[in-house]
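First up is the structure itself, then whatever we jot down about it.
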């Protein structure tokens, strides 16, 4: 669409929606500087820098000044663990789901085999059922299977199979793969086979052709899929909620836990840091895109 | 042997899709089957499962008690929960479409260079953690939250007494939260389908005598349908299964199917009942989605073409 | 050492249409292509020429029959095991690689040492007159330049046979004609067998040593350009190559190669030459090329002629195309520019009477069937 007469009605509605999207985020960020520890009312910024001083539930002075809660955050072991877990899970599941999702897309787009329609349908399933149904199913599966193995082999204590990092990663791969497949399939849709034929004509066997010709040309689609898988994993709550165990807490789970207990501005500080990271990442990606063009 | 593989294209395809199928079978199909089996079971000690064949869970879900199928035993509690989830999902979807469309339209009409930035502006909230976004609304809607704070300040200026509004822990709060959560999921597909419209179609419409409104209703809107369809699938289905938003913003007042299922597995420790509820949820969602896609398709045109 | 570069032995390729019926894209084709010749496969879309080429390259395998390269049956060998290289219709240059990397690709696959690769790539690019452009990317080149890169990429590997799939299709007219000349020279210089697929008959005629005319999966005729043009073996080929007039008639007499045919539309007997056996009473079709018909104001001495009426005159520059009404039929005539610059009205006008004459050598007798 080209820029025709821009309706002021549409523009103002658009801005309102943008405002709606960002207002809560701004509130979040603002409260991460809240002097009040109970974080119910906004009581202003912490202005004086120095050893910690409180007045009731208000922080009057802090070694980090207005950034008090960020400092508290950096000392928070649980947050660091949760962050590490979140990233580990996201990276592992992204790499795995991208690889097998791309393979699946190639299979569906270029080959005919028995159970092809069944496979395509099975891949749509995670998209059309609510996450909680999948989460419950996996929980039920693992509890029954682990329970059985534990009692059959007499495993106790630390040897017992239980929910943890492994179960979360495996679940994340399961829900990411359909999305990766869908995206790569779309990219394969108009893919001209003559490039691969040219490579084979020049002496490259199937593997070399894939590595040096097909994959580089497919890369934008594969990267989009990987990015989506990463996002889905990073942000996932419901499935992680049902498949995680002690020691595999992710950030969303951690925040949820906090919200049901004590809410200090530390949560806001965590949110602000997260938002900042995202904004910086987006900025960098934009820069990268611009240099590519 | 390699030559055999080379000749058998069908085998190549099957091998490529094998890892994916292992995951789908193991983590989707088998779990669902297991859920089905368990839903016919009975609650065992310590929240375990006794594998039998019993319709008790389903009887309870439709409102009766096992062993008492008369109207006097009827309690519509669970049916209400199901209905509430359904209506909330519909309301959310409609509101999201109404809010997303102008924004998508705006971005689609913006100069090409600006569009990436505008899109990223939409994506930033999406990439901000989901739980955090709900928390933000808690802060805004609660009794001593932002809205009440601002309103109270205004009232003070005008010299009026102000009773803070009870916004949190109401169905309205949950709806607002849901809409906020899923808005970006509708903006992107609608934008994609609007962007694909060939500009010469607008010229053709104008040439044939259509003004802006007419062009929008007869050309733009129908052509952006795939986007709305895809967006609906991305909104309706997750909302049906949501429990976090209703938990944090609705408290005890608003219980959806998701909350019910979650509680069965955690607090009440009755995985059999939870499984039954989970399957009913899935069935409801699939039925609605089936009729919906029969009429409107999947909106996959926005991905291909 | 086989004399034949490529052989197709009773090759059949069957495809399933979307409706489910099988169709033979290549229908029992036999071809023998000599070493060092410029061989073209000519026909309109769907005739099977591209499918045949792809079976030689190895992108498709025959449903039945054998593809033989340099005496070796290829069976189900994949493309990278065959001693042939292909120039694709859309060039298929690797967009993410430089020109150098594109051309070097085949040599890298053959694991040649680095300095040899550099040298040979340089030579190949010089040969196609693209020296110095090795660092560019395909998208930075014009269509003609991309085409040459595709050529260099294939030739640098010194294949026994070069397969070209309508490589000039995307070029504009002038560039096309230039490339036709260049390709022909290149082939003579390099000396390898070229198998060229095209739907453009002028292209095939100007470049080839021999042409195979194909239609609906079958080879209709194989011959040199002169043979194909002057002695088509059926109506389809006569019509497909160049332009011609068809006159139907019945054989009255056969003497050696000279055949006398009665043409009802002209109500006259014409003598022509026929190279396939004909017998009295057989229904035949006479093929006369427009440029073999001469128009005169008076009947010429010693030549068979008949009266015609001019209905349309088109001045094309070097040619003048005339439509004449002869008896019950219309004939196309093409004469080299007869319109004198000194006297623009010297030639026939619409409605004028003239006499058309032809010689038996230029009147070809063909069977009535469209294809053999």
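Per-chain numbering from 1; labels A, B and C assigned in written order.
Rule of thumb we're sticking to: a residue touches a chain if its C-beta (ideal position, glycine included) is under 8 Å from a C-beta of that chain, and two chains touch if they have at least 3 such contacts.
Remember, it's a predicted structure, so these values are computed and weren't measured experimentally.
Colleague: Max contacts between which two chains?
Modeller: Comparing chain pairs, contacts are most numerous for A-B.
Colleague: Please identify which chain has its centre, taken as the mean of its CA atoms, farthest from the centre of subunit A.
Modeller: That would be chain C.
Colleague: State, to the nearest whole Å, the distance from the C-alpha centre of subunit A to the C-alpha centre of subunit B.
Modeller: Once rounded, the distance between the two centres reads 17 Å.
Colleague: How many angstrom lie between the centres of subunit A and subunit C, each centre taken as the mean Cα position?
Modeller: 60
Colleague: In subunit B, what residues contact two or more other chains?
Modeller: Those would be 6.
Colleague: Listing for subunit C: what residues touch at least two other chains?
Modeller: As it turns out, subunit C has residues touching two or more other chains at 78.
Colleague: Using the touch definition from the top, which residues of subunit A touch two or more other chains?
Modeller: 206
Colleague: State the interface residues of subunit A toward subunit B in the complex, per the touch definition above.
Modeller: These residues of subunit A touch subunit B: 1-7, 10-11, 13-14, 17-18, 20-25, 27-28, 31, 39-42, 100-101, 103-104, 106-108, 110-116, 119, 122-123, 125-134, 136-141, 143-144, 147, 170-171, 173-174, 177, 181-183, 186, 189, 206, 231, 234-235, 237-238, 241-242, 251-252, 255-256, 259, 267, 270-271, 274-275, 278-279, 282, 285-286, 289.
Colleague: Can you tell me which positions in subunit C touch subunit B when the two form their complex?
Modeller: Against subunit B, subunit C makes touches at 76, 78.
Colleague: Subunit A touches which residues of subunit B in the complex?
Modeller: Against subunit A, subunit B makes touches at 6, 9-14, 16-17, 19-21, 23-32, 34-35, 38, 48-49, 99-100, 102-103, 105-111, 116-117, 120-133, 135-140, 142, 144, 146, 149, 180, 183-184, 194-195, 197, 199, 202, 212, 233, 237-238, 240-244, 248, 258, 261-262, 265, 271, 274-275, 278-279, 281-282, 285-286, 289, 303-304.
Colleague: Which subunit A residues qualify as touching subunit C in the complex?
Modeller: Within the complex, subunit A contacts subunit C at residues 192, 194-195, 197-206, 208, 213, 216-217.
Colleague: Considering only the defined contacts, which subunit C positions touch subunit A in the complex?
Modeller: 57-59, 78-80, 84-86, 88-90, 92-96, 105-106, 109-110, 153-154, 157
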